[in-house]
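First chain A sits with chain B, and in the next complex the same chain sits with chain C.
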Partner chain A sequence: MSAIRSADRRDFLKKCLTGAVVLGASGKMGLLAAAEQQQQQQGAVLAKSRVVIARDAMLRGVGTTVDSRRMLSLLDRAMQALFDRDNPMETWTKLVRPGETVGLKVNVLGGRGLSSNLQLIEAICERLQEAGIKANDIVVWDRGTDELEHVGFHVSTGGNRVQCFGTDRVDYEQELAMHGSVGSRLSKILTQRCNVLINVPVLKDHDGAGVTIALKNMYGVIHNPNKYHPNGCNPYIADLNMLPEIRTKMRLTICDATTACFEGGPGYKPEYSWKNNALMVSQDPVALDYTGWQIIERKRAEKGLKTLEGDSRAPHYIATAADAQHRLGTNDPRSIAVVEV
Partner chain B sequence: MSRELDAQKGESLVIRGEQSPFSCPLDRRSFLKCALASGAALGVCEFAQPLVAIPSWAGPQKQDDSRFTVEAKFYQKLPNNKKIKCKLCPRECTVGDRERGYCGVRENRGGTYYTLVHSRVCAAHIDPIEKKPLFHYLPGTLAFSLATAGCNVNCKFCQNWDISQVRPEQVPADYAPPKLVAELAKQRDCPTIAYTYSEPVIFSEYLMDAADAGHEAGIRSVVVSNGYMQEEALKTAYGKMDAVKIDLKAFTESYYKDVVVGELKPVLDSLVTLRKMNKWTEIVYLVVPAMNDSDAEFRGLARWVKTNLGVDVPIHFTQFHPEYLLKNLPITPVPTLERAKAIADAEGLHYVYIGNVPGHPAQNTYCPKCRRMLVERVGFTASQMLIRKGSCPFCGQPIPGVWHA
Partner chain C sequence: MKARGVLLVMLGLALLLNTGCKRQSGAGGSFFPASDQVAGWARTGDIRTFEAADLWKYIDGEAERYLKAGVQRVSTADYKFQNKVDAVVDIYTMGNAEGAEKVFQSEPAVDGKPIQLGDAAGLSSQSLVFRKGACLVRIVAFEGSAETQQALLQLGRGIDLRLAR
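Let's turn to the complex of A and B:
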């Protein structure tokens, strides 16, 4: 005789289905995501993908450089809001465990003025170390070492310091990683140097894809991104993010929206950039990209520019990433909780 | 750092390809000797991977970008945001500042478009001309063959994807300026420089300069290309070539879209343009099982060639081997290739060959009038060459081609 009575079984199945829907919609990944999902199922508190936008109008004080102390505080606020925690360290200790190796995939292609902010990276590294990650188990990386240096990162490849270098120092895997339309060699930094990935993109307009935020930042992980720009990068961006090496390691996106770009991206053009003094944080990269896209559209409207759709470059890849073949997250605004702090 | 190919220095080189039985560190003389030997070996097993000569290279390292960077010839500056439009191939990439085109070897720097692969040779080898394959062009001679990184399509079956589908900084390279290439070709008794392996469309500026240097030194030039090129660029760049081999990868737009990531029509247009330019042209059609091997495609292709190019253009139906993104398919059955040839023969084409099948009689050239064998080939070696003054010695039928230097 079954240990579960029929009524209980019905409830059980109902809960399971609810959970599955939530999982399908949010696309969260990693340990914390699983814990969060469990909490959601139990308390039915959060059914939406949360995207936190944290702002600090005084992030730069009266100057142009971001204040390190205020940046750390801004990051804490964002993380606490994302994970509903009073203590910022609780978020990080749930996100990573001592002994793990963490890659911070930054974006420095925009050059000086429009790359992942140095103070933000310092703040993330500080919190990671306080959570028990050894300094030399943290790798700050992008495609090219020169490009990292150009925007102000100090290259470091040894010692007990945070590591910082480009894939050009270690090369790409010889074997191709394939999914759908994508067949690429992956950076050995991703495959061999880190088992946790934190994505640190920049909020930018993109002349081909429409916008480049979280999902497209993974183009910096592969050897042949130039092959995946036709058709507004669709479905390439979604297919790329489906690669297990990316999907299983990705735990969090911290989008640098301190300086953002609403036109003429992805390169830095001061006339098309604005000091937004914000961070966007989410575990759902699709929801984050959708939310970022809306921010860029609002700024374009404010500046009297056409919508991206009107400019024939709406970021359709975001919908593809959310579709039934990908389920990387949700692009449905009804399923996204945007939290501004 | 990149290194300079220098005929005088005798630098240490390595034959690239770990799987190759010929992998060995070599001085330049040995390298060339080995290259020739490998060419002979390839004659026995002609579908072996091409060997590639590159400098000793322990891993990824910085190359001196500036020496390979030359302003591109085929592009248009756009009015906004320092963008440019590339006019080299039909893709017409619009490229923003600090970005590259689809090929990955051309970069917009502040509104000026640059090729990053001028004189940046990532593969160099001495091959029999038959390996290109060019069967009606100086049979039995050698071609000083070279490539840079990059390609303007992304064929799922690419045999050389490790150089064609990468950015130039991702593969080791030699600095080989045009005059040096011509000098090396001459020193090694190669009457021809061949631009091949990856996709020469994307290194057109280098190809043009090398062809000029070669011609000054009495060395000809041939190109092995996909023909996916804009007309003006084709006329300007391939106008300097002495012969052209075009890979016509299929006869349907859907195949070009899905498997090649390109378009058929511009390639057909290129073939017609080359014909009008009176360039000696041969066509290769790689037959991929179940993807481009229908009777209708073979017949359509043959009829199109007959109508637009004439019956004397050689066509090579070659055998596919699983590689790159198409590893799930078998090699092409020989009967499929024979079916393709039979259809093309029946449509009236005079020179239809079967390639990548060692020992197949359809590797030989036969007189279309008296049917006698005129050129016998064993692998990539022309073992017997009977054509005299461009004609069949038995019946006097003119045999089109470039038969003598």
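Let's turn to the complex of A and C:
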């Protein structure tokens, strides 16, 4: 994985040009060749699947509650780095268009302590509205309305407000959507309410799958996720994400890595969680899951725990999602550019 | 006459067993201290119960581990300590004590310490896990403070007493 510190575009280009000179290329031809090589490398980096990790050590100030303004700033930094823009609004107008209905698929299964952060969702909603999406064309959703309320979301249906409710309010489609090993009824929120999907998972390990991040968050879209846990949820996770209703609508993943867990997931266990104070954003969910997996492994090593492989739960579903039959993204570290800002 | 007597005894036994089962299945509720039964702790929500077949709705993929250990159900309730610290109590009723031990032993000790409570217990800065007979109890506080550990222990002891009844 190549890591680029400080993803400011101008800085990056300056470094590239400086590098071309420092290479010590002799003569005009040598200098041009070096510059060409740098450009090719830059192009290759830009062509790679980009995963941005934005971090703010003071996200919670001196307390435990996330600061809303700092969260908005963190989100802006992440989006600017992902889309190579100097202005946060340019990123959102690149992503969505007025008139679209945007679904934010959150993850609240972990309950309080390990769910998609309220301040993050508020920040996303603020930027979406500034990009021209009407408030009532934004739907914050997960499987159950009670679960959303339990972690502090304000349930809202109707009116000129951001909508927030669970699939239990509208039900699942009657027909099965099928691909490979998966045959499931899809949430009507996905099929009938949204034409854009922004995935807002949480960075967690998982007792069966190894990790549960972007790809597995789609288990909250179907009526029968309990059927797809054998064999480390493989190939079910990959097959599920191949469903056209998911694949064509998914535009972005913003992974809430403010509080993450390295063991005992997906439920919240404070002894196995840590305040990571970060967001991970990418348009490649496989690359994001791969990167999140590495973060969790590093934390496990720090705590003296076995690797997920050693614990017989390596996330093999990631490789399946990247394979020739799925091509949902890449798990090749040579093709992933991790940008830390 | 003798046959009638046997039948009556059998009926009586059946009634007793049925009551025992009901008491057992309703015991999840009685295991949870009501507000102020443990100093400083108030129960802030209803008790919810998930039977084994629906356990995945509460703990998703983690349910597999509990199912393999023979879980029957989990009951859960929210609490608040001194109106400051929110917590959740989960009480898993396993098929037997071996099941509770199996789950308890499967969780690595990280940043915690063993303590004397129930049949075995572990306490960390924001959580207390202990087993007693066929029950596994997990208490998780959502904020940590100087008082949290002691408060968790008090609530745990309150539940432990109820499990012993």
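In the analysis below, the second predicted complex is superposed on the first by the 296 of 341 C-alpha atoms of A that agree within 3 Å, B and C clash if a C-alpha of one lies under 4 Å from a C-alpha of the other, contacts with A are read in each partner's own complex, and residues count from 1 in each chain.
To be clear about the criterion, a residue touches a chain if its C-beta (ideal position, glycine included) is under 8 Å from a C-beta of that chain, and two chains touch if they have at least 3 such contacts.
From a predicted model like this one, the values you see are computed outputs, not experimental measurements.
J.: Clash or fit: chain B and chain C on chain A?
T.: Overlaying the two complexes on chain A (C-alpha atoms) leaves chain C and chain B clashing.
J.: If we overlay the two complexes on their shared chain A, which of chain B and chain C does A:319 touch? Say first, second, both or neither.
T.: In the superposed model, A:319 contacts neither chain B nor chain C.
J.: Identify the partner contact of A:178: answer first if only chain B is touched, second if only chain C is, both if each is, neither if none is.
T.: first
J.: Look at A:229 in the shared chain and tell me whether it touches chain B only, chain C only, both, or neither; answer first, second, both or neither.
T.: So A:229 meets both chain B and chain C here.
J.: Contact-wise, after the overlay, does A:337 reach chain B, chain C, both or neither (first, second, both, neither)?
T.: In the superposed model, A:337 contacts neither chain B nor chain C.
J.: So, does A:209 touch the first partner chain B, the second partner chain C, both, or neither?
T.: In the superposition, A:209 touches chain C alone.
J.: Looking at the overlay, what does A:266 touch: chain B (first), chain C (second), both, or neither?
T.: both
J.: A:89 in the overlay: touching chain B, chain C, both, or neither? Say first, second, both or neither.
T.: So A:89 meets neither chain B nor chain C here.
J.: Between chain B (first) and chain C (second), which, if any, makes contact with A:170: first, second, both or neither?
T.: first
J.: Identify which of the listed stretches of chain C (5-13, 77-85 or 95-103) has C-alpha atoms clashing with chain B after the superposition.
T.: Here chain C runs into chain B along 95-103, and the other listed stretches stay clear.
J.: For chain A, give the residues common to its interface with chain B and its interface with chain C.
T.: 109, 111, 207, 226, 229, 263-267, 269
J.: Write out the stretch or stretches of chain B touching chain A in their complex.
T.: It is residues 59-60, 62, 80-83, 91, 93-94, 96-104, 154, 156, 165-167, 169-170, 261, 324-325 of chain B that touch chain A.
J.: State the interface residues of chain A toward chain C in the complex, per the touch definition above.
T.: Answer in residue numbers: 64, 109, 111-113, 144, 206-209, 212, 219, 225-226, 229, 233, 263-272, 303-305.
J.: For chain A, which residues are in contact with chain B within the complex?
T.: 109-111, 146, 168-172, 176, 178, 183, 207, 223-224, 226-227, 229-230, 263-267, 269
J.: Which residues, counting only chain C, touch chain A once they are in their complex?
T.: 56-57, 59-65, 86, 88, 107-108, 110-112, 124-127, 138, 140-144
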